[in-house]
Amino acid sequence: MTTIWVINANTTESMTDGIGRSARAVAAPGTVVVPVTNARGVPSLESHYDEAMSVPGVLEAVARGEEEGADGFVIACFSDPGLDAARELATGPVIGIAEAAMHAASHLGRGFSVVTTLSRSIGRSEELAERYGMDRFCRGMHACDLPVLALETDPQARRIVTDACRTALAVDGSDAVVLGCAGMADMCAQISAEIGAPVVDGVAAATLTVQSLVAMGLRTGKLGEYAKPPVKQLR
Amino acid sequence: MTTIWVINANTTESMTDGIGRSARAVAAPGTVVVPVTNARGVPSLESHYDEAMSVPGVLEAVARGEEEGADGFVIACFSDPGLDAARELATGPVIGIAEAAMHAASHLGRGFSVVTTLSRSIGRSEELAERYGMDRFCRGMHACDLPVLALETDPQARRIVTDACRTALAVDGSDAVVLGCAGMADMCAQISAEIGAPVVDGVAAATLTVQSLVAMGLRTGKLGEYAKPPVKQLR
Amino acid sequence: MTTIWVINANTTESMTDGIGRSARAVAAPGTVVVPVTNARGVPSLESHYDEAMSVPGVLEAVARGEEEGADGFVIACFSDPGLDAARELATGPVIGIAEAAMHAASHLGRGFSVVTTLSRSIGRSEELAERYGMDRFCRGMHACDLPVLALETDPQARRIVTDACRTALAVDGSDAVVLGCAGMADMCAQISAEIGAPVVDGVAAATLTVQSLVAMGLRTGKLGEYAKPPVKQLR
Amino acid sequence: MTTIWVINANTTESMTDGIGRSARAVAAPGTVVVPVTNARGVPSLESHYDEAMSVPGVLEAVARGEEEGADGFVIACFSDPGLDAARELATGPVIGIAEAAMHAASHLGRGFSVVTTLSRSIGRSEELAERYGMDRFCRGMHACDLPVLALETDPQARRIVTDACRTALAVDGSDAVVLGCAGMADMCAQISAEIGAPVVDGVAAATLTVQSLVAMGLRTGKLGEYAKPPVKQLR
Amino acid sequence: MTTIWVINANTTESMTDGIGRSARAVAAPGTVVVPVTNARGVPSLESHYDEAMSVPGVLEAVARGEEEGADGFVIACFSDPGLDAARELATGPVIGIAEAAMHAASHLGRGFSVVTTLSRSIGRSEELAERYGMDRFCRGMHACDLPVLALETDPQARRIVTDACRTALAVDGSDAVVLGCAGMADMCAQISAEIGAPVVDGVAAATLTVQSLVAMGLRTGKLGEYAKPPVKQLR
Amino acid sequence: MTTIWVINANTTESMTDGIGRSARAVAAPGTVVVPVTNARGVPSLESHYDEAMSVPGVLEAVARGEEEGADGFVIACFSDPGLDAARELATGPVIGIAEAAMHAASHLGRGFSVVTTLSRSIGRSEELAERYGMDRFCRGMHACDLPVLALETDPQARRIVTDACRTALAVDGSDAVVLGCAGMADMCAQISAEIGAPVVDGVAAATLTVQSLVAMGLRTGKLGEYAKPPVKQLR
């Protein structure tokens, strides 16, 4: 049995529920998904400041998962907040949803497009694409100019995101689309059907990446940069 | 039920057996692994010429798998021969073992080393690392100077490969090691235990990548470069 | 006397004739051009699959040229099929027409555009541009959406290709244009005259690159990756 | 009069004092340096976890400086923690000491070496070098294997750092050395004299970069990614 | 007291005056700006040929400054002519205005645009952006199609440049604009006010970069490439 | 008949003679090689300063060749001095010997090494390799620490250069060697024979590149950056 903690980096419980559904929908028999809400942070991450303030809570969740025997972790926010620090803390693998989604999309063709919520978050996504070596596959990042929480409340949200995906595909000449927000996970299958191209949800992709790494007995290398951090007195 | 054809690009049946064992050892319940031996090709791939001459047989196997309802394909040779053409032919996802192994290793730290058989194959591996965006993670490629088939017959093979892994880890300052030959799959767990660092076998990694993509309903985008190839008269 | 085998990677004899004319038109006195048609393959290369299936025939031609004393080889298809393997087989230099055309164009200014037949072949051309270090010069790849064989039969073909060249030059702000198909060789001079910019035909460029390398006594280095391939039993 | 807050990202007051001395030693007449100690964090930053936990305190200091009329900010830790978020919060410019030091060193020759404390922090420094476009100048990163606080207490520290600088210069063939820790600022002039090459201290460099940007009336662009963050309820 | 020679690479005295004003407007108390006109060259630099013919005069000015005790040098032309050779000749730091402007702009956001005079000079600017590692920040280069000297004489010049800056900002999604000609220095503050984004003048930026490097005691490393050039007989 | 001016960038006549011999040895029947010595410059180019001071004389030679009907130009110094400006001036193609040599070597395998005279010139060579897109092929630059003119006078010169080539080949794992100085042209064939690998002389390579471009009717594109420079009053 493999237990994967899927950590919602924001404090909105309803989003955690959606994330849990997406993860469970793809997990293999024998994989237990534990959705977790950040206990310290903000209702949605829409700036570098929001991200920075959410990281300590994400790391607390990882530390708690460690104690309770989690086999691996998903950080379920498209800015992959706290990924490096979480890899130091955890024994098992830790995967961000931007990381997993971009990797998955790179297997589906020569190039993909990313469709995200706010244009101000594109800089961070570009940085992550480069960090993961996925910038050579990423042909464009497109914002819907929808706040994160509007994904749940705006009745037009699915239409707006679908249109953005269709446009991105055409403008970029891409083979696939990556949804750039954990809150879009629910929309994945339906958008794919409408636009006739593969659409990747990072929550599902990251959950399966952790599941696969655990199945192979693989975890973060601990000989160097990602060894357990030295114990310090936190003021 | 998910059926994955794992295609050994060479004609050596005993290597197909080992590949099948590695794939089955990690596959989830409900995943059926079908190991296939290349019907046209050479006993081992150790040059660009060997690779080129093996591709038509790999593609024949993919075409046959398509007809028999395969959900996805693994190309089980570290030069990932015929990958682009196979993606045109197949309906489901197609993953090479170099591709999957390098991606998996990139999740385990800042950098990995590759340990392969012959030094003359390093050029091709570097090309693949760049193609997949994994060159930024790859800190070194190391040859054991063992012919591929000696992996099965040379009693010193495991010792030689293990030593090369240990050296690579130290010289490159890597967090993980990738085994650069399908014939090394059997050695993976033991080497990892000996060197105290994660060691990635591409056969396992590729099988699980295909399994995950199928679980998410993802396949190669067919709107452009990877559409079915136009039918031609083959002379 | 320098003998250069110019190998048409497809099976269409009339295209071989055009290729031979282009090569002979620029060769120096003392250079003998031997045009060769692929004996095993497809009438035109328009997919990764087509390319993969053509490679064994290209390599057979190289092997035959080796026996008959060829001083060097041109692979006359813009996907440069089988280039690495051919370099292993041949004693003299082997040059692809995409390789030679892009190199030549890089000498003519800060950037060039490529005009090719089908949009689905652009991915491969981009890959080659990167492989040759020419991506920094390539400002755009443009498809005419003409099948390869239509270049010979469609009376509008020259007009369509010329228009695409003119547009590419303007949109990309390029200094020169590369014709991205061996079947366009005949059009080169006339298009250049019409658009007022240098236009490069890869068949001519590759023939002269081989001629120059032979004149300098240069051939592929044989100490490592490109040594003669080990002899194998081909099934 | 220009007021620059120089924020020590850790909680060690004596290190703040040294940082203040280094900044004041180079500031122009009319520039007021305000050294600030992180009120929430750890005594030294030696892991990704340490960095992540220090960021909220750094951002609190920036917010306080904003209220008190600071003209610009220096983040005085070589991992430049919280830089993007601080740029969102601040009206004036914000510069990290790794950023400033690498930029300054790039003006002094073709390449520089970085000498830092612990080898586990090199990964983060490489990431920053790439982020700033300085990776093409950085020829090597070298660790002294000294904990940060040992820089103040170990009587051998200066000798060890000097030796590492001399070695780095020779091994990398560099034109200059960058000191990779705020705690090394005091050593800068003396090491430069001993090794006969320019040695860059990031605290001085960042202070002067902020001073220069303020003198030119330049601050972070606020039209997009770095606009003030939306107000959120922090739990 | 710090003495900085600011060398106008062309022979137009009125432009030297404007350059001097821009430099003095930002220099700290205690910094003496010495504006110098190239004694051998052309009235404006608008081609590679112009640049090449101006370099000997720039180097003569540097040699003269050396003799007269200059602490550092600015090369005040956006092609940074003769920078490497000047670094060999000078004892103190030498900075080009393209270099300084792009570095400064990189501190102000994720990306900047360059607005320059003639489109034919964009190639050189791109080359410099790459050389300085600033290509990753540069999102676009835009020409006004104004000759250099028209900046002083054309009453529409300021309007044309302002419009180009506004367009560049919008098209590129940039955070800041770099003015790509020493002759635009005077316009900097006003354009910034009009477009609501930071606008960088390289003359000011380079003067302050030299001032800062001198304050830190930093100069070009002299151990290798930038050692004094061997004395030769110039014919 | 094709007339190629081969311009020695320095003022040493004996070196011009050697350059002329190398060019003529490979030129096709019908190609006339005109060796030219720089009338204004230094006896050898061994610094950025030397290079800068030699460029006006190189450009004078190009202008003279233009008037006398030269079909193309070679700039015969490994720093390719004045290449961009010469391309503006000339009607026919202009090729530098570093450019041609690196391009030729890239056709001979996966990677090459450069062996040059002084270590201080390596920075410039690296810059050129990047400019030409050849950095991905260049595995190492190695200095012999021989002054340029010692190549003609030091009886040990050939031995020293040969040894450096052999070492470079082994250390870098290269397929070929590029000789990084026009003064080494004479040694090319003999070194190749001794080390058993292809050795490229840039003078021969550049002469043949110009000859080939002329044969194809190709010249620098004149629509943009490389149009004739505007006429200016040179002071």
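Just so it is clear, A, B, C, D, E and F label the chains in written order, and each chain counts residues from 1 on its own.
Heads up, the rule we're going with is that contacts are C-beta pairs under 8 Å (C-beta built on N, C-alpha and C of every residue); 3 or more make two chains touch, one makes a residue touch a chain.
Treat the numbers as computed from the prediction; the structure is a model and nothing was measured.
Asker: Give the pair among B-C, A-B or D-E whose set of contact pairs overlaps with that of E-F by over half, matching residues by number.
Answerer: Repeat interface, by the over-half criterion: B-C.
Asker: Counting only C-alpha atoms to place each centre, which chain is farthest from chain C?
Answerer: D
Asker: Can you work out the whole-Å distance between the CA centroids of chain C and chain E?
Answerer: From the centre of chain C to the centre of chain E is 44 Å.
Asker: Whole-Å distance, chain C centre to chain F centre, using C-alpha means?
Answerer: Each chain reduced to its C-alpha mean, chain C and chain F end up 27 Å apart.
Asker: If I count partner chains per residue in chain B, which residues reach a count of at least 2?
Answerer: Answer for chain B, listing residues that touch two or more other chains: 87, 110, 119, 123, 173, 224-225.
Asker: Flag every residue of chain E that touches chain D in the complex, lowest number first.
Answerer: Within the complex, chain E contacts chain D at residues 26, 28-30, 87, 93, 95, 99, 103-104, 106-110, 132-137, 169, 173-176, 189, 192, 196-198, 200-201, 204-205, 208-209, 211-213, 215-226.
Asker: Could you please specify the touching residues of chain D with respect to chain A in the complex?
Answerer: Per the touch definition, chain D meets chain A at residues 11, 39-44, 46-53, 55-56, 59, 82, 84-85, 87-89, 119-124, 127, 130-131, 224-225, 227, 229-230, 232-235.
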